[in-house]
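In what follows, structures are represented as structure tokens.
In the two assemblies presented below, chain A is common to both, partnered first by chain B and then by chain C.
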Partner chain A sequence: MKKNIYYFILILVTLIVFTLLYKAIFKSNSYIPSLAINKKINNFSAYSLFSNKEINIEVLSKEKKITIINIWSSWCLPCRNEHKYLMKLKQHKNIYLIGLNYKDNPSKAREFIDDFGNPFFEILSDPKGIIAIDIGAYGVPETYIIDNELNIIKKFIGELNSNDYDKIVDIANR
Partner chain B sequence: MIISQIGNYSLIFGLILSFFLIIYLFLNFYGFIKINLNNIYSILFLQLFFVFVSFFGLVYSFVISDFSNSTVYNNSHTTKPLFYKISGTWGNHEGSMLLWLLVLTLFIFLFFIYSKKQPKNYRLTTLVFQEIIITGFFLFVLLTSNPFNHIFPIPIEGLGLNPILQDPALAIHPPILYLGYVGSSIIFSASLAALVSKNINIYWAQHIKKWIFLTWILLTFGILLGSIWAYYELGWGGFWFWDPVENVSLMPWFTLTALLHSISVLEKRSILKSWTIILSIATFSLSMSGTFLVRSGILNSVHTFANDPGRGVFILIFLFFLILISIIIFFFFQTDERTSTNKIYWMSKETSILINNWFMTFFLSVVLIGTTYPILLEVLTNEKISVGPPFYQNLLIPFLIPFLFFMAVGPNLKWFKSDYKKINFNKIFLLFFICFVMFFLVKKLDVKNLFVIILIISSLYLFTSSFIDLIFKRKNFSQNIAHFGFSVLILSIIFNGILSKEISANIKIGDEINFDGNLIKFKKIDVADKENYKSIIANFEIKDQKNKIILLKPEIRIYNQPNILTSEADIKSNLYEDKFIVFSILNREEIFNVRYQVKRFMIWIWISTFLIIFGGLIRLIKIK
Partner chain C sequence: MKLIKLLIIFLILIYQNISYANNNSLLINKITKNLRCLICQGQSVYDSQSDFANSVKILVDKKIQEGNSEEEIYEYLINKYGQWVVYDPEINKKTLFLWLFPVILFVFGGLLIMRKVFIK
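After this line comes the complex of A and B, so read on.
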């Protein structure tokens, strides 16, 4: 009898693991940026990378229809790759780019901007990565499109590509 | 065109043969017909032949670059060297599953030939289980990953093979690993069959031991090749990253290593029968889970999205079908082992092997939790976490210490019961001596972590102790050399970790860096056009304190199809250290980022693993 109970438990555990893994298969697919749509990001203030002034994001984005926050770092390789798209975005008049410099050495970050060009209207420093976590970022690079009330309109995880670029331009022109 | 048709229909014929064989065998078990063994040989050979035709049809399509086949189109290109056209056959999902199938049918054919001395009923039962697995894979290939899908209109050029897969080590890494995985399926089927036909005895142990050793050698070698590839090709300068995909190949290795030891207990003492069966089931289930986790795309990192859930669902259902079948069979056929003759004394080889098994189970659970916990947590709470090297190091190192001591002591104990009075006390003096030496070594090495110091002591103890056994005793050469190899492996990993150094800098041509007494000079850049890539080669000169000059030439390759940039490290190895250099392009034209690493005792990690494999190989040859 005791033996039967062990087997019953074993089969039960097996079935539970099965169910969880089964859900996991679809989970990894349902994991899309739409998850974060219509949520707000918390308001934050941070020091500017160049002027060392404290700047508030709500104030920055107030007058604009949409603001794009790009989380980047000089040590992050995908950030280098997506930089050309950010530079292209800068040329659009109605696109307003803010950089959030994630866990970086300020001098390295400035060097990076010197090397590749500055697409950002303002760069805010996040030396400990706290702001990025608070926004809900998983890593670098990530790009958020927000409106003037800090609602997230769209979120891009990982390196931006030409498709993402088109989407951003599309949203900006709406 | 026609080749794809032939390949496709061969697969269907192979599947039909599987069904036929299963029905044929069941009719025999229920007494409706009497099976003629010669027929079985013919059917198995025919099935092998069909899969063979199908596989080599695909290889041929790759060689002639037949882009009407979607697998070829997605993974090949006309400008690719012939070698990588061929290895591209199994460098993709569809082709690699076809390779699985080929190895499965090959192994069951070989198993049937080499098991003539075993009871007929046991052999036929093994065949049933194996054919069920084969049917599952046939269905998987045909339904979800058919390698012979057509494209119309026919594209002129293919999309190309990912350049990081264009590497000699990676060309043979998957086939060897698959041989290991499939070998575990034979052990699985044979164990269940032995359970059902009540054939678990000393003779069975002797017979299955060959397969266990063969599988173990292949699996170890497969993991080693993967690690070598990661070191030389990925250019991260490490050999093991505790990456989930690496972990899934390590998990069946733990249970298989446990099985490798416990099968001797079954062979010598006819005990631990159920445990042996459990380990066989676990090894195969873990191999299959590995395939599932990698192929379903669950393990993909946060930053990738595209997957085909259909495949994952199929393997998952199949995997759990097999696990449930094994549990049910185990439930109905397991026999009670508790009799007085089965007593295990604590000072015996049996106990030490059991201790090995406990440790293996522990190591397995650590890696299993580290790999699957993030997946399960995400399903339950939507939270994403990643488990990194510190988790594994903190949990494994403390337990590795007693494990190494037992590895040194265990093999010298006798079967059944050892005598206290015959213990060799010289070995205890040896331990004191090592502690004494370590006392001075610690100051020189500047190691702060106490666990690491004790770990060095215990591995040095295993090192010297197994070395003494190897030279003077020579009772069990294969085991001595494998244990010796393991101690060298642990030592080289520790010293590699402690003594390696690295520097990263942005420099121009003509610049010099002073690093660790060496002068690194960036001399010039060469550009060359190769068959399917453009290559930028940097020339570095390393001058050491004795003014000896070494030239290193790392490379950046710009592949044409697909258009991908890869960094090829240049590595100069000798017995003491590896000099490892890799560079990358920054957008500012004349400046390059250079990473230079000195990796101590790197080559010993490979040599020691080869020693371990060599030990297994000698044992395999010695088994009659």
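After this line comes the complex of A and C, so read on.
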């Protein structure tokens, strides 16, 4: 009788462990950016790519309803693909685009802008990638919509598509 | 005399090396080993050479130089990237089982051994 109970417990424990491990196989184990809980970006200053002046983001976004920060790099292929949407966004009156040039060679970055056009009102350099981390990004490209108090309204991870473009225009016209 | 001079120079050199290592890099290594590289699979920030990981290393170094403690740096990164970024999960409803399970196993196993010993 006692032996039976032991066997029963053994089988039960094995079953429980097996189901747990089996379920865990199908559970996605990768980072989901939308879960990140940051609501506000820290104020930062960075050097401008073209004028070498130090520029503060709070000052830049102060009188704008919304500011869009696009993290890009000349070596990043998705950035090339999304560039046409940024150029389109530039034509909207109440959209104010700031570029954050992530871990890039300045001359290559300038070349990129010369080739594809400049959608940004200001391009800030982030040679070490620290500012991107501080914003909460983890790669390029990423696009953040912030208000004048640096609160994040929306963020787009990865390449912008026509859907994202519509959303941005929508938020800007609100 | 010459020997003593040499010895002193040698000691100074060693001491400088040690103090350099103690400076920040040990703490940086310790912290980055505890951080998950978000864009790599199963690697810590310490192990990874990805752009993300390299930036985090520089940032941790900067934060230490600014006088932040280890805990403050973890808190800062959790605030940015969520609990996922640290390897040491905090105890909450979701992770309670994770923390308790080894204890349960340990107690259960201990009981089994105790029974065996006492029955004998």
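The criterion applied here is as follows: the second predicted complex is superposed on the first by the 136 of 174 C-alpha atoms of A that agree within 3 Å, B and C clash if a C-alpha of one lies under 4 Å from a C-alpha of the other, contacts with A are read in each partner's own complex, and residues count from 1 in each chain.
Assume a residue touches a chain if its C-beta (ideal position, glycine included) is under 8 Å from a C-beta of that chain, and two chains touch if they have at least 3 such contacts.
Everything quoted here is computed from the prediction, not taken from an experiment.
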item	value
First, second, both or neither for A:103, with chain B first and chain C second	second
Which superposed partner A:129 touches (first chain B, second chain C, both, neither)	second
Contacts of A:59 with chain B and chain C, given as first, second, both or neither	neither
Partner chain(s) touched by A:115 [first = chain B, second = chain C, both, neither]	first
Touching partner for A:12 - first (chain B), second (chain C), both, neither	neither
Which partner, chain B or chain C, touches more chain A residues	B
Contact residues of chain A, present in both the chain B and the chain C interface	31, 138-139
Residues of chain B that touch chain A when the two form their complex	292, 296-298, 300, 302-303, 305, 307, 309, 312-313, 316, 320, 323-324, 327, 331, 375-376, 378-380, 384, 586-588
Residues of chain A that touch chain B when the two form their complex	7, 10-11, 14-15, 18, 20-29, 31-32, 78, 80, 115-116, 138-139, 157-159
Chain C contact footprint on chain A (complex, rising order)	30-31, 35-38, 102-103, 128-130, 132-134, 136, 138-139
Chain A contact footprint on chain C (complex, rising order)	36, 38-39, 41, 51-52, 54-56, 58-59, 62, 79-82, 84
